[in-house]
Every structure is written in C-alpha cells, then in structure tokens.
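Each in structure tokens, the structures are laid out below.
In the two assemblies presented below, subunit A is common to both, partnered first by subunit B and then by subunit C.
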Partner chain A sequence: MGLPAELTGRLLLLPALVLIGLFVIFPVAWGVYISFTDMTLVGPKAVKYGFVMFKNYLRLLADPDFWNSLRVSFLFTVFSALIGQASLGLALALVLRMEGIKGKTAVALVVFIAWIIPEVVAGFTWGSFAMKWGYLNAMLDPIYRLLGMKYINWLYEKPLETIIIANIWRGTAFSMILFTAALESIPKFLYEAAEVDGASSWQKFRYITFPLLSYAILIDFILITIWTFMVFTMIYVMTGGGPGTATELWTIFVYKRAFTPPYTLGYAAAAANIMFMIVLALIVTYLVMIRRIRW
Partner chain B sequence: MSAPAGRIIYAVLGLIIIAIILSGISIYYASVAASAVSEVAKEIRTLRSEVAGLPTKVAEAVKGVVPPPAKPPAPPAPPKPKVTLTIEYGEPWKMWVDMAISKFKEKYPEVEIKPMMIPYGVEFSTKITLDLKAGTAGDIVIYDSFMTAEYATAGLLLDLTDFVKTWPDWDKFPEPMKKIVSFGGKIYGVMIDTDVRMIWYRKDIFKLAGLPEEWQPKTWDDIIKAALKLKEAEDKIMKALGIREFYPIYIPAGTIWAEATTMQGFYMLLLGADAPPYNRLYDYKTGKWIAASPAIYYAFKFYYDIYVKHKVAPVEYNFARDVWGTHRKAFAKGNIAMELGGSWEWGEGWGPKGVEPIPDREKKVGFAKMPGRTGGAAGEPKWVTISGGWAVGINAKIAKEKVKYAWEFIKILCSKEVLAKCCATYGKVCPRIDAVEVPEYAKDPYLVKVLEYVKFTDYRDALPGYSKVSFFIQKVTEEIITKSITPEKAVERFYKLMVDEFGKDKVEIVKPEELAKLGVKLE
Partner chain C sequence: MSMVYMPRAFTRLLPVYIFMAVVFVFFAAPLAWLIITAFDPEASAEFHVPKGVTTKWFSELIKPVGGKYAKVYPWMWIVNSLIISTAVATLVTALSVLSAFSLTRYSFRGQSAVLNLFIILRLMPPMVIAVPIVVLFAKLALVNTYHGLILVMSALILPFTLLIADGYFRTIPSVYEEAAMVDGCSRLKAFLKITLPLATPGIVTIWLLAFVTAWGEFLMPLVLIGDPYLYPASIGIYYWFGMYGRIEYGRICAFSIVYSIPSIVVFLITRKYLQRGIAGLVTR
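== the complex of A and B ==
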C-alpha cells in the first residue's frame, strides 16, 4: 500500500515540478550553457556562436571591472542591508512596541511607503533628490552658504554612500515588519519577571529580546542578503553604475555586458553564474548557522 | 554519499527533459490555439449577424402576417482584411511618423497603424536592440544607422535590396547615405535624417571673455587657447549670467554617453589627428581594426588636455543620468561656453520647439568647423566632421502578409516632402538631395549653411564588431577623465582591450616607430 501512496504524492508534485523546471531550472541550465559560448546579442556571433569552454570564466577572473563589481556589491549589501536596514528596522520595531509614543503609526507608514512604491519610481525620485540641483542640495543650501561651500554632487562625489543610504531608505520596512512580528511572539511575562529582578532596560534587551530574536535576525539576514545582492533597477536608474564603475553592482555589470555594447551574452552569463555560486554559498552558511541555533 | 547525489542528478536531468518536452508542447498548442481563436472569432461574428436578424424574424412571426417581399438580407459586411502595422521609434522622430501615418491612412484605410513611441530619457538604441532581439519590436523600426551591420548579421532586419531597386526615389539618396544602411552588398534600411558635427559656442559668453563673436579656430591649439581665456574670465561670466558653475569646453566622454562619446567626441578628434587613411579605426586594405596609432594617441591627448591637464571641462556632466538633458540645459544656461555636438542641436536642442529653447538663439549661439590638429599642416584634413543619422527598416520577424504594407509605409515616410519638411522643422540635415526643392527646407539659412559641411563629411567604421570598438573607446575616455591616465597609458589600455577582444592577428598598429617616440609602450 505504501507504493501507490508514494506514487500519488509524486503525481501531485508533478505540476509544481514542471513549472519549476520550465521557469527556474531551464533558464539556469541555459545560462550555464551560454556561459561556455561566445554568443553576442547582435552581430554575426548572435547567430553563429562557438564554444569557448572556460575562456569567459578565465577572462572574468582577470577583469578588474568584475572584481570591482564584487567589491561594490559586497559593500552595498553589508552596509545597506546587514548594517543599515537590519539595525534601523530593529530600532523601529522596538520603538513601535513602546507604549505612549505619539505618531509612531505615521513613522511606520512613511517607512512602509518607501517599500511599496515601484523601484523605478524610487530610483528616479532619489536620482532627482540627490542630483546637483536637486531637493537635497536645495535643503542644504543655507549650510552651503554658511560654510561658503560649492554644491556637492552627491551622485558623483559620494555615489556609493548615496546609493547605500537610498537602499536603507527603501528596504528598512521589511526588517521592521519582520522584527515587529518576532517581538510580538516574546511573552510579556519575561520582561515583568526581569523587572521584578531589577533588570535595566539594556539588560532586558541583551538577555531577553536579543536571544529570542536571534532566529528572526538570521532569517532577516538571509532574505535581505539575497534581495540586496539582486538589487538592480533602483541603482541603475539612479547612477547607471557610474560615475565610472563606482556604483557598478554585479547586476549592473552583467546587464551592461549583455544588453549594451559590447553585447557579450556569454561573458555576462559567466559573471551571473559566478555570482549565483557566491550567493548560494552565503545562503548555505546562513542555513548552517540556523541549525546551530536550533539544536 | 553517491546514492543521493546520483538521485539528484537524475531528478535534475529528468526535470530538464520534462521542461523541454512541455515547452515544445505548449508552444505547439499556443500556435494551434491562436488559429483556433481566430476560427471561433469568425463563428461568433456569423452567429452575431444571425442573432441580430432574429428580432425582426420573431416580430414578423408574432404579427402573423405574410411577410412583405423579403428585403435582400443586408450582406454581412465582409470582415475587412484588417492589417495592423506597428512602428517603433524614439520621440525625436514623432513628427516624421505622425506625418507619414496620416498620409498612409488616406491611401490604405484598411491598415491600422499602431505607433510605439519611446519617450525622451530612454536610451533609444538600447531599447530597440533589445526589442528586436526579444522579438517584441515593432514591424517597422527607426534605428540608429550605425547598428546596420550588427543587426543585419544577427538576422534582425529584413533585406530591402529588391524593394529599393524598383523605387525611383532611391537615387535621390546620395551614395554615402546608401552606404550607411548597407552591409555585405545588401540594403537594410532607408535614412530618414542625417547630421554633421561641429563646435557649438555661446557668442555672448565669448564676448564677455574678450573673444570674437564670429569665431573659427584653425588648430586644436586655438580651441585650447580660447578655453583658457574663458577660464580666466570665469568669475565675470558667472556673475553676468547669474550661474554658479562654469566650464569653458565640453566634449562627451565615457560610457553613459555611449555612442555619442565616440561620434561627437573621439571621431571628431581622430579624423583630424593624422592624414587619411591613418585617421581611422579600421584599415580597409588589410581588413584589420587599428588598435594603436598616433591619431588615436592625439585624440586621447586632447581629452587629457582639457579634462586633466587644464581642467577646463566638466567631468561630472558625463555621469549625469540624463547626459543629453544635462548638456542641453548646461549650454542653454551658459554653464558651458563651447562644446562638440551635432547639427541637430540647433533645432532639437535650442530651437523654439527644442528641449531647452534659447531665446535670441541667432544672437547667442554660434557654430564653427572643427579643425584638424594642426589645421592641415601635417597632411591631415583641414576641417573635420562626421555623419550618422537614423534609418527606418523592417523587423525580420514581421508577418509575410504585412511586408508589402510596411514597405509602402517606408516609401511614404521617406518621400521628399515628409523628410524635407520634418528635417527642416528640427534643423536636421535631410538625407535626400532633392530636399532643396521643398521651400520649407530651402528657406532655412541654417540648413543651407550646414550643407557646406556635408562636402567634407566622413563616416564611422561601422563594421560588425564596431559597437565593441566603440565601447572600448568610451571606456578609455572614461578612465582618462576619472583616473587621469596619461594619453600614452590610454593608448596602451585601448590596445590591450582590442587585442583581448579580437586577437593579436586581427588588429594592427599604425606607425609603431612614431608611437614609440611619443612614449607609447606596446607589449
């Protein structure tokens, strides 16, 4: 009797597997395939391409722009997601939990809006906000005048810092929601007991909130790491990866190699595959850490 | 260890096979379904006409009278062979397309035309390339003519050779205009506008700096001297115009400008940097790309001089999100006193209908010919300009029954009247030589003056692979202005990029001894 049940189970899984195969596994396999070719988007090699084996990968490893894009993506993820979004999200969640603070719903709403507006809109908004003659400098104008400074072109002089701040602004809502939910699950009596024992608010945070939140924090880290590594639209709209390659995330690196001159699809696919492996390794590390925490 | 790993491999392989089979099946059914849908639609239409007739029949039956001699039933209107043509174009060519559509509708009412306009702010050429490749482009596309070879070799454009042969108007396009849209002896498009390039300058700002309002530099040194003089008068100029930043000169550089860096900037220098044929990127005799030459050195050196050595050019304008909008605004406001740019700016940029209209344009805006490096003393051309422009072509994926209409549309779009009137409105150079017969075009003194440039114009080496070469140029200019690399290093860098891409046997070095004397170390 065991076999038919197993068979039914497999049959029921089939539709989902087919969809995954069609939309996930096939594109991945295709990406691996073209990374071994010299396929281009246009020109003769778009039709007649040949196999170049590992040439794309070897060239990538020797390409300073690729290493730069890894560095930019790494800094971007660490500072905007792991440090910025997670800590700000946690702080906001803690504030939202406090009683007797007026206007906290309004703050939550503003944070939330940043998260739900389309990426392209967010990109253009930040682009015009931070540009040389944008609102940011207009607001800072009195300070500039006071110090006798020239306007700072944020997107040109501090591009990486600007996109990191923009991404913190955009993505904090998720961490905030996740931590709010996690905080709700911490029983109140633990705090009451601690108060009776005379614990300070720092001690309550350190010995109750933080340990009980650590699982949520790890989940948050996994998700925002993946998302932030995949960010493309907002930054592309804001800076296009520039000036030079100062904000060229690996996603922008791949896009530029594939869809703008020199249109090297194979090369871009190789870069995407390497990044896939790196993100996979990161996620596996996180998962291992989660296991450690549970057992 | 091996058993689960083996199982996973089998599972993945199995899934891939299933995926391929299923996608095949679904594509098949999708195509069957498409035709089935049209069948059903037909049936519904006949049913509808029958149903429409029912009430009268019922009424007659209820009346119970002998129906009057039956009127011949109104023949159900034969479903007209409605053909829908889509046309994809960038906003600058809206007038061309609108005019052609209204004329085309009069002639072919049975064809519906759907315009797909790409608005300003989008990289037109990138969008069109991706759409063509993804199969989502319009039936007719207006594309940047320098992509002809790349599109043609990728099989993205329809071969129009047989069509143009039977088209009497084809001979009204001068030879260079035919060459731009052909590759391998075949024709893939028809030019709808063309251009020349020159130095734009602000007469009012030149006057403030004590420079002549009618200005024509004879050598590159003259340009740099003027820039330095403008720099000296910086404070006076900023005060007079009420602006907070000022740069004497601007030449597009870097990858955000994309092809414009190569055309407006680099080629305008390269062509005047040495005697032909050493002033190109391609050696037509040997069929190799030129990866290093004194001309390339001097072109990079000019970038170095204005951006790094004298600091008279705005590095950051090259990294604005909308470089086009930025340069037009900056020139209109007076943040830039002179720049290398295209002939279209007179109308599209600063004309009354332009993006950044300049009041009193005739008094404030002047233009001068770009001189050769030493004004021809070293055998290089005395004056330099280069032409490109946009062309109309047919998407290779167009349905067969639509090709006829698409070509008819192109004929109307490229007729003397449409091209001449539209080019005249936007101050663009018309690719048809009979444009001067159209009064709107002939009465424009600017266009007549610019026609002089067409006499000495040149064309880029847009062979397959050109977009890569062009990209390397953009990259190297970017490194010059952001990393301040010297012209020698710039040539070495360009050479390395070219060798890595094409292989050492497919590129050549022009005048290696002279390069060595200039301090360029290759290998």
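== the complex of A and C ==
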C-alpha cells in the first residue's frame, strides 16, 4: 500500500526545501531584483521606486568607499585567517600532539572558548580590552617602557591591525581542531620508519607531516577564507567600521548603506550581490575540490 | 648562567613552553578582563587592581536596564533568547531528521544536487539576504514578530544541522529497519520505531547545536527587531554597550557571562561530536 518509495522520499524532503525556498532562495532572487531599483528603506522611494538597471552596479565601481571595503575585507581575510589562524592553528595542533607536555588541555580550552562564546560578547570584550587605558596596554606596559614608547590607542591608531588580531583570537580554534584531526590520521609507523633511517624532526615534518597535511591545509584555507570574508558581528560591535572607514568590511558597508541614512536599499543589495558572486566562486572551488579528492 | 642545572628534556622543550605560555596569555587575557570586571566593585574598562570582589552586578541584573530602556529588564532579553532559540532548534531538528531520513533511506534522482545546495547555503554570507528579508518582511507585516524571525533564522541554520544529520544517519546501519520491514513494517514505521530511538544522542546533539547557534545569532534580530522589549540577549548587549552616557561595565560583563554560559556548556558537551564533524572534512 501507500506511495511509491521514490515519491515518499521526495515528500519527506519537501518541508525543508519549502522553508529554505521561502526564506533564503526567494530572498536571494528578490535581492537581485532590488539591486536594479532605486528603492530606499524609508521615504517616498520605499514604495514608489523606479528601475535603474545597472546604475547601482556602475556607481559601486566608481565608489571609493566600496573599493575601500573590498580592500579592508581582503586584508582582514588574508592576515587574520590565512596567515594568523592557519599558522597558529597548525602550530597548536603540532604542540597538542607532542608527548610529555603539561598544560596542553588548558591552552586548548581557552582557544576553544574564544571560538564558542557568542560573537557579540567577543566584540564587546575586545572593544573594551583594547581601549587606550585598558588591559591590553597594561599588559604591554613593560614593552612600551623598554622601547620608550607612548601607549598605542589601538582602536584609533591601529584599527585594522586590531581587528585582525581580534579575529585571530576568535577563529584559531577551527584550524586547530581541523589540523589536530588531520595529524591523527597520519599513521605512526611512517615516523618510526623515518627514525630508523635517522631522519631529524625537521625532515620528518618536511617529508611526512607536511605532504600528508596538504589536503587538510587546502580545505582549511578555503573554509576559513569564506567564513572570515563574511564576518560582520564581532567587528561591527567592536568598531562599527570606524574610525572613518578604516575597518569597514564589505558586510559593514552593505549594512550601513541599507540601514543607516540615506537607506539606499538598491545600492546595498547591489554591493551584497557582487560580494556573493565572489563567495560563490570560492564555494564552487571547495565543492569541486572535495569531489576531486574523494573520488 | 650556563651553570644552572636543567634537565635536558626541559631545555629542549623550553621553546614549546614559552610558545604555550604566550598563546595562553593571548587567549585568556580578554576573557580574564570580562570575568574580573563582572566581579569588580568599581567595574570599568580601565586597568586597575580591583578593591574587592562583589556579586552585585549579577544580582542587579533584575533591575531595569535604565536610560532610554527604563522599563526593560535584562532578564527579559535572556527569556526572549530562550523562546526564540528553543523554537528555532526544535523546528530545525525536526526538519533535519526528516530530510536526513529521506536522503539516507531512499534513493532518487537529485539527491546529490540537494546536498550540494545545502553545502552552498551553509557557506552563504547571511548579509546577502539582509536587505531583501527586511523588504519582504515589511510587506508581510513580519517585522518585530517572533514567528517571522524564527522562520528566517531556522532557514539560515537548517543547512548546518541538516548536513550534520545526514552524516549521522549514514553511520546508522539500515539493516534493523530492513528486518522490521520484512516483518511487515512500512519504511516510515520501521524508521520511527527502530532507527529514531537509536539516534536519540545524535538528535539531542543536533538540537543543542541549533539552539546555541540561534542563541548567538545577531544580524537577523538586528535588522528585524526594533522593539527593546522583544530584543534577544545579543541585541540587548549591543545597544546597552552603545548607549550614550556612562557604560555600565559591571552589569554588561555580568550579563555577558550569564549569556555565554549556555554556549560554553553546550559546546563542551558536544565537543567530541564537533571534533568528529570537523575531522570528517579532512579524513576519509
């Protein structure tokens, strides 16, 4: 009795697809439509908007603030994720694997907690921690004295560096866990064999660990690039994109254009769509890669 | 200097311990500020040695936020977060289990396309839909409502939990179900009666992960909820911190800690599970 199995299977998937369709896929399409209009959030153009075709996109390409947000997002991603999180995560994974080291659990735990507390709390904490008379400078005080320097007002004088460091703090745990898993999958006998042959620790790393880890490194790079590229909350809470536009990531650029005066929704949607294209290219790279290597 | 006796192993490991100490201080210091300030009678962001320990900031969380939120209470924001996150987690878990059942126990064309779609949506920046969702919700009168917020948050979290559920149900063999089917059970009944009870730990984990993901969510409530009585905790902290005048560091830190506890507890419980999930990305 009942429905053919294939139909039942499809029906069971329907509720999830309807939810996603209505609240994610349809909005994405609607966002493309909005990007071709001069719609605003408030005022007469909220209702009586007109079609401007590609004008929003053309204006974006001539907007120095848009290019600035691209530059900030790019530097933020390269330095905090690809350089900071990946290398620190790998170093931590290697240390966690060493035998006879005390205190490993405590280190892993704080790194993990920085990653899992709500993002707003992370932003609020870093915004306060990095203030001129805050804890960060108090801790760096011996170094300032040694170099005869005045306190750096991190959030104002070095804003981009500060959000990069804060995001290394926030996100290193993912790379650490991923590399720990990847290291565990390397068979121990390879190292034993290398030791018999008289290999040094560096040689073992260079000729066993690193080559066998390259796939994990690639996966890690792509995922943390995508995730870091879409960071909004922590930095928005910390700096609001300022001072000026010094820490205005593309997400903050979109948010400000849409939800602060002059509320240009069409313009913000166009910017969001351009960035989505970039992220989509990264996601497709990821999909192709996991396919390639698994089969 | 060179006369100091040190065991060989220790001198060899010294760089490792220095590295660990630096990393520990770097990661622990901001958290230390948060915790110390929550218990500091003269709480502020400026560095000073606290003159004692107090729990007054925690007990004062029952008082109104103050300023322009004279009648809003911090604990209301926690209750709001509880309501929203519970609803999201329950909806998302139910849909994830149904979908995972379909994807792992039936075979039909388009399954891998569906999985790819969910991987793409899992990695999509939520900012992409912020503008259209606000326009759409304004038209449908869903702005400032929980049902609207819950639906869009669920749609954003579903790809994440669905992929976990799919991976999980693939590890549960279908032979028991098939045995029951030989005895005359339908596939659905066999699944409900046999596999689902076996899968309880996994389902609880999925619910917990969905709960804390919703618990920490910021962007969607930020653009959709404008009424301070309806704020979830994340938005409450943001506006509290950004309020004009003197920042109430003591209570905000105390509130941040209370708000962070569920996330920390859930992640510590599900830590092994998460690690396995991440390991699945690189091994096989």
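Methods note: the second predicted complex is superposed on the first by the 249 of 295 C-alpha atoms of A that agree within 3 Å, B and C clash if a C-alpha of one lies under 4 Å from a C-alpha of the other, contacts with A are read in each partner's own complex, and residues count from 1 in each chain.
The rule is simple: a residue touches a chain if its C-beta (ideal position, glycine included) is under 8 Å from a C-beta of that chain, and two chains touch if they have at least 3 such contacts.
Not measured: the values here are computed from a predicted model.
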Subunit C versus subunit B on the shared subunit A, clash or fit after superposition: clash
Partner chain in contact with A:263 - subunit B first, subunit C second, else both or neither: first
Subunit B versus subunit C as contact partner of A:131, first or second or both or neither: both
Partner chain in contact with A:244 - subunit B first, subunit C second, else both or neither: first
Partner chain in contact with A:155 - subunit B first, subunit C second, else both or neither: first
Larger contact residue set on subunit A - subunit B or subunit C: C
Touched partner set for A:90, first subunit B, second subunit C, both or neither: neither
Partner chain(s) touched by A:22 [first = subunit B, second = subunit C, both, neither]: both
Which of subunit B and subunit C A:41 touches, first, second, both or neither: both
Touching partner for A:235 - first (subunit B), second (subunit C), both, neither: neither
Doubly contacted residues of subunit A, that is, touched by subunit B and again by subunit C: 17, 20, 22, 26, 41, 127, 131, 237, 259
Touching residues (chain side subunit C, partner subunit A) in the complex: 9, 13, 16-17, 19-20, 23-34, 37, 45-47, 95-96, 98-99, 101-103, 105-108, 114, 116-117, 119-121, 123-136, 151-152, 154-156, 158-159, 162, 186-188, 212, 215-216, 218-219, 223, 233-234, 237-238, 241, 249, 252, 256, 259-260, 263-264, 267, 271, 274-275, 278-279, 281-284
Subunit A partner contacts - residues on subunit B that touch it in the complex: 12, 15-16, 18-20, 22-23, 123, 126, 129-130, 132-133, 147, 149-151, 153-156, 244-245, 254-256, 258-259, 315-316, 318-321, 464-465, 467-468, 470-472, 478-479, 482-483, 500-501
For the subunit A and subunit B complex, residues of the former touching the latter: 17-18, 20-22, 25-26, 29, 40-44, 46-47, 59, 127, 131-132, 150-151, 153, 155-156, 237-240, 242-244, 256, 259-263
Complex interface listing, subunit A residues touching subunit C: 2, 5-6, 8-13, 15-17, 19-20, 22-24, 26-28, 30-31, 34, 39, 41, 88, 91-92, 95, 98, 100-101, 103-104, 106-107, 110-114, 116-121, 124-129, 131, 133-139, 169, 174, 177-178, 180-182, 184-185, 215-216, 219-220, 223, 226-227, 229-230, 232-233, 237, 251, 254-255, 258-259, 265, 268-269, 272-273, 275-276, 279-280, 282-283, 286-287, 294
